[in-house]
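Okay, structure first, notes after.
Order as written gives the chain letters A, B, C and D; numbering starts at 1 within each chain.
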Amino acid sequence: MIKFAQFGAGFIGKIHGANIARHPGSELSYIYDVNTAAAEELALKRGAKVASSPEEIWTSDVDAVLIASSTNTHAELLSCAIKAGKPAYCEKPIDLDINMVKNIVQQAQNTTLPILVGFSRRFDANHLGIRQAFQNGDIGKLEMMHITARDPKPPVLAYIKVSGGQYRDQTIHFFDMLRWLTGEDPVEVYAVGAALIDAAIGEAGDVDTSMLILKFPSGALCHINCSRRADYGYDEQVELFGSKGMAISRRKPRREVSIYKGESVISDGAYPGWFERMEPTFYQVLDAFIKAVQGEATEYPTLMDGLKAQIIAEAAYESLKANKPIQITYWQPE
Amino acid sequence: MIKFAQFGAGFIGKIHGANIARHPGSELSYIYDVNTAAAEELALKRGAKVASSPEEIWTSDVDAVLIASSTNTHAELLSCAIKAGKPAYCEKPIDLDINMVKNIVQQAQNTTLPILVGFSRRFDANHLGIRQAFQNGDIGKLEMMHITARDPKPPVLAYIKVSGGQYRDQTIHFFDMLRWLTGEDPVEVYAVGAALIDAAIGEAGDVDTSMLILKFPSGALCHINCSRRADYGYDEQVELFGSKGMAISRRKPRREVSIYKGESVISDGAYPGWFERMEPTFYQVLDAFIKAVQGEATEYPTLMDGLKAQIIAEAAYESLKANKPIQITYWQPE
Amino acid sequence: MIKFAQFGAGFIGKIHGANIARHPGSELSYIYDVNTAAAEELALKRGAKVASSPEEIWTSDVDAVLIASSTNTHAELLSCAIKAGKPAYCEKPIDLDINMVKNIVQQAQNTTLPILVGFSRRFDANHLGIRQAFQNGDIGKLEMMHITARDPKPPVLAYIKVSGGQYRDQTIHFFDMLRWLTGEDPVEVYAVGAALIDAAIGEAGDVDTSMLILKFPSGALCHINCSRRADYGYDEQVELFGSKGMAISRRKPRREVSIYKGESVISDGAYPGWFERMEPTFYQVLDAFIKAVQGEATEYPTLMDGLKAQIIAEAAYESLKANKPIQITYWQPE
Amino acid sequence: MIKFAQFGAGFIGKIHGANIARHPGSELSYIYDVNTAAAEELALKRGAKVASSPEEIWTSDVDAVLIASSTNTHAELLSCAIKAGKPAYCEKPIDLDINMVKNIVQQAQNTTLPILVGFSRRFDANHLGIRQAFQNGDIGKLEMMHITARDPKPPVLAYIKVSGGQYRDQTIHFFDMLRWLTGEDPVEVYAVGAALIDAAIGEAGDVDTSMLILKFPSGALCHINCSRRADYGYDEQVELFGSKGMAISRRKPRREVSIYKGESVISDGAYPGWFERMEPTFYQVLDAFIKAVQGEATEYPTLMDGLKAQIIAEAAYESLKANKPIQITYWQPE
């Protein structure tokens, strides 16, 4: 039984807490949140203690930590976890400042501690299905890849201003996904975008509608289209096209209901939001992390995966500003 | 080049005439219709002669006849074609009076003349697809079969009164189809039905909404549901369920257009009518008939197929009236 | 917080126990199972006590009981629950002996205790979707209904022998479903069936492949096809056809993955079994029961619903044996 | 009745000849082909005369010409048609040399003769469906557009060398389509591509796998992905994403056949080639042209549409070579 301490008792913290309780191999021992009332509520429901400070956690007997607090606390908590020798499951992103991320990657360089960055789409059954098909050779050599990534509506402007922008906040999931699906690190990116949905997003220096093309070392090409608003809900679809066929992780409908009426068939459309669509993956990520903590050989997104996705996002912004393709240069710790 | 004489220049006659003109192996030589103006119009468009009487056709050098005149003329024309030694493509049904049909089958008993009854659904690409799958063994031994057969709207009451009723007029296509798909002649039928769409249909002694169950000698079961009116258009779907899988000839959508809007996906629904849905099959039937006339070994619906479908329809009406399952007894010419 | 005592710690008992733990409004206080080891294991995981006897539960302060023990204990436990005034959530069937069921219905006649029978399909999102569409008037007046119900493989023969047979064990879910979807009690049933999958099932006096037609008071017709084995997994689909359109609760695919290769598109098929397909409904049923216990007006399957489904099953067996349609006579407590 | 003279009796010429014969408003009077045997065969089948020279056609009483001869003859024949005052339906492209195209546009500048360039996809029912939806306002203001365009296999190398390359030969259809669907002329294009399918295509100076992004004056973005080879057949799909929804002209399956077997559903995939997929459009194009010749107000692709598509193709090649986005400058006749 893996004993967890968890940082953060907000919306996503409650999900993690429930999953830790539900998983047969884990239990929640401590919860810490600067919002003490939230921490207490979650602790009560899950039979955990409220930690009076992070220090209480680092010196406790917990087997692992789950970091679901606000982004600006991730780097410091990861640093403490590494020092304390506690495996860590950290929500993405690691930090908006890429130098902070490199710093953490450097600190973790000589440890074998499981540190997982929460790119939960890697655990989606549909995406896993096309990855498996590709790895089985079902579609041959990869030639083209397409990712559709559309949120139902833009976040509030206040959030957009501190989010790092569309590529660091939204597209970043797919920068990770394309690496994970293909096993390749892209070498060049071209990004175009505009604030077509809300002029205020443009005035805040960001874009809300983007198209990108990335090149892989193998010669394969990848297209991403990304919107902050789809009237019909959360839309995510991925296509891998290769020399012997194509694999699609299709738009997932909300339900399998169809009404035939007049000249039309009216079927259920998309999920209302990313969370409803991706909710089952959180349990799967936790399960992978628990296996890693228990010493099983298992695959999960690492700190370096988190860093690489952010490096691609930086290059995408550079391309957007220059209106030309940009070479992507990765970074290695010493 | 097969020279055709055609009886009938109405709606379906024009379709046959155009297909004879379009087919590289055939040409239209004569056309006969009691409506001389219609015959002349079709003859002009297709470069054919108007026959002054059926006799002119039977003594001409035409290689084959296409009978697309009204149902009550079919038996007599088939009888003449047999005597004249002219291969015949005859629209269904052969005759509403089953004794007349037996009579024709008896007359044709000792001839090898190609005589084709126009069960065009046997030539539909989708239905052919599931038949092939079944014959290939893809679904193993047949256990259950389902047929959905729904017209967009009832014919006018005047037609219903002379049509022979739902089973002899509409369901009959599917009595033929189930024999053709399975290679078995059903041995028992249970039919229930009611006039749910229009009480006047009930007053005329007919039903408009029916469900049937048929048993095959192999033990397999078949369900048919049949409606004279589907608000959303012409609906035809067939499912073969076997020991190793299932094959479906799916509802065919009018177009592959989808609109994602709000919570729904609005896609194109069914075809407006059976003709729009089945139009391509008429050319395929003609092609099979031409091959048969040219002496190629080819498969097509015969007079005996026409008779058997009608025998099943008779048994279905008997079941409907008695509200109990009825054994089906077939008939053989001497 | 509703305190639960649960009877049964087997496969389905573990599911119920986990859902009681996960639900924010409930907790598991007692668990009873004749298999004490199983009871102890579940109690430990969920923080509950093992009851030394059913009596300990009836005299405890629990707010409700969940009966997930073997079928032959249901009637007695329900009887005790009624006497003890404890709301009960009982897995189906109530009892294989229909007189026992009537007896329980009679006992519960003058109580307002929430007693829920576990017809979980009533809580499936897809089925709820077509029910809503029908109730909204989207498809007009109901005329035909189709239910496809196929299990991936037959249960072991030993189970079949004590299960009550295909209609009392498998089809019964759909006898309930058709009442729930239409709001009508069928008045006549015709059933045909055979042991096409395994001759031993036939030798045991049962069938494994069936087709049924039921008539509703409104004149609408309902077809059910039911197989104990679908090579491709668990298959459940429901279609409501009415005067203004059709609503389908479609086959639910396991995943939304498609591989385009050669001439085919290979997509994910059905779920491996009913449990994987229906798993989310168990939480929904529990939620409805908790609401009922808390006094909220909520809809759920009652003892009388359980009885009516069994009465239809009895009539279906009578029809199967007699090979003729059978009138269905319901029963009312005094 | 519109009398046609046709240039070209090859594969596509036979299709046009059959459609002229089939259309109720047209007949084929003359056929010219440098391959006299081919001309004679088509003339015989369709009841037309073989013209001994193009001049015989220009001085004849034909109402219109259909130019389906080899590309290098199009410009000269169009020039003659303009001088002779004969409406012309010309297969695309007008000429591989863009200056020749401008020359023809200039010559046609002061005529009102119907001159149609054969971009047949404008007449596809599915593409028309999403155009209608967009024009109806169903998807609001356009923001993103996606075109998938994949041929089943590359043409022979000898053809590729004279074809003008992937963008002038294959992608050009979609440069026209995006203008037609959106009503906007793109202002910038970025193209990346490689010879991933066959190195010999690269050695011949061309690419076989490409991704492009185009910008519209409205700010909307368009992505095209284009391959010379899809293992699974001909693949064409178009998506319009707007402020209020999305419209998709979906991949059209060859048939509506599905086999459920084991864990999979195996359905019919794509058409074997563009011709099988697009065949019905040729009749529609001819019908539009006949209407135009008869003086009806009707929409069809013009010489200027042909020129604009080629101008975009030129800019795409410039972008491919420079690996940077290129502004598109259109041209107007004096």
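Points worth noting:
We adopt the following convention: contacts are C-beta pairs under 8 Å (C-beta built on N, C-alpha and C of every residue); 3 or more make two chains touch, one makes a residue touch a chain.
Not measured: the values here are computed from a predicted model.
Residues touching across the subunit B-subunit D interface largely coincide between the two copies, over half of the numbers being common to both.
Counting C-beta pairs in contact across A-C and across A-B gives the higher total for A-C. Set against the Cα centre of subunit C, the chain with the most distant centre is D.
Inter-chain centre distance (subunit A to subunit D, centres taken as mean C-alpha positions): 42 Å. With each centre defined as the average position of its C-alpha atoms, the distance from subunit A to subunit C rounds to 39 Å. Between the Cα centres of subunit A and subunit B there is a gap of 57 Å. For subunit C, residues that reach two or more other chains under the stated contact definition are 230-232, 235, 244-246, 253, 260-262, 268. The residues of subunit A lying in touch with subunit C in their complex are 18, 21-22, 24, 45, 47, 125-126, 129-130, 133, 138-139, 244-253, 255-262, 268. Those residues of subunit C that touch subunit B in the shared complex are 140-141, 143-144, 146, 150, 190, 192-194, 196-197, 209-211, 213, 215, 219-221, 223, 225, 227, 229-232, 235, 241, 243-246, 323-325.
Those residues of subunit B that touch subunit A in the shared complex are 230-233, 235, 253-254, 260-270.
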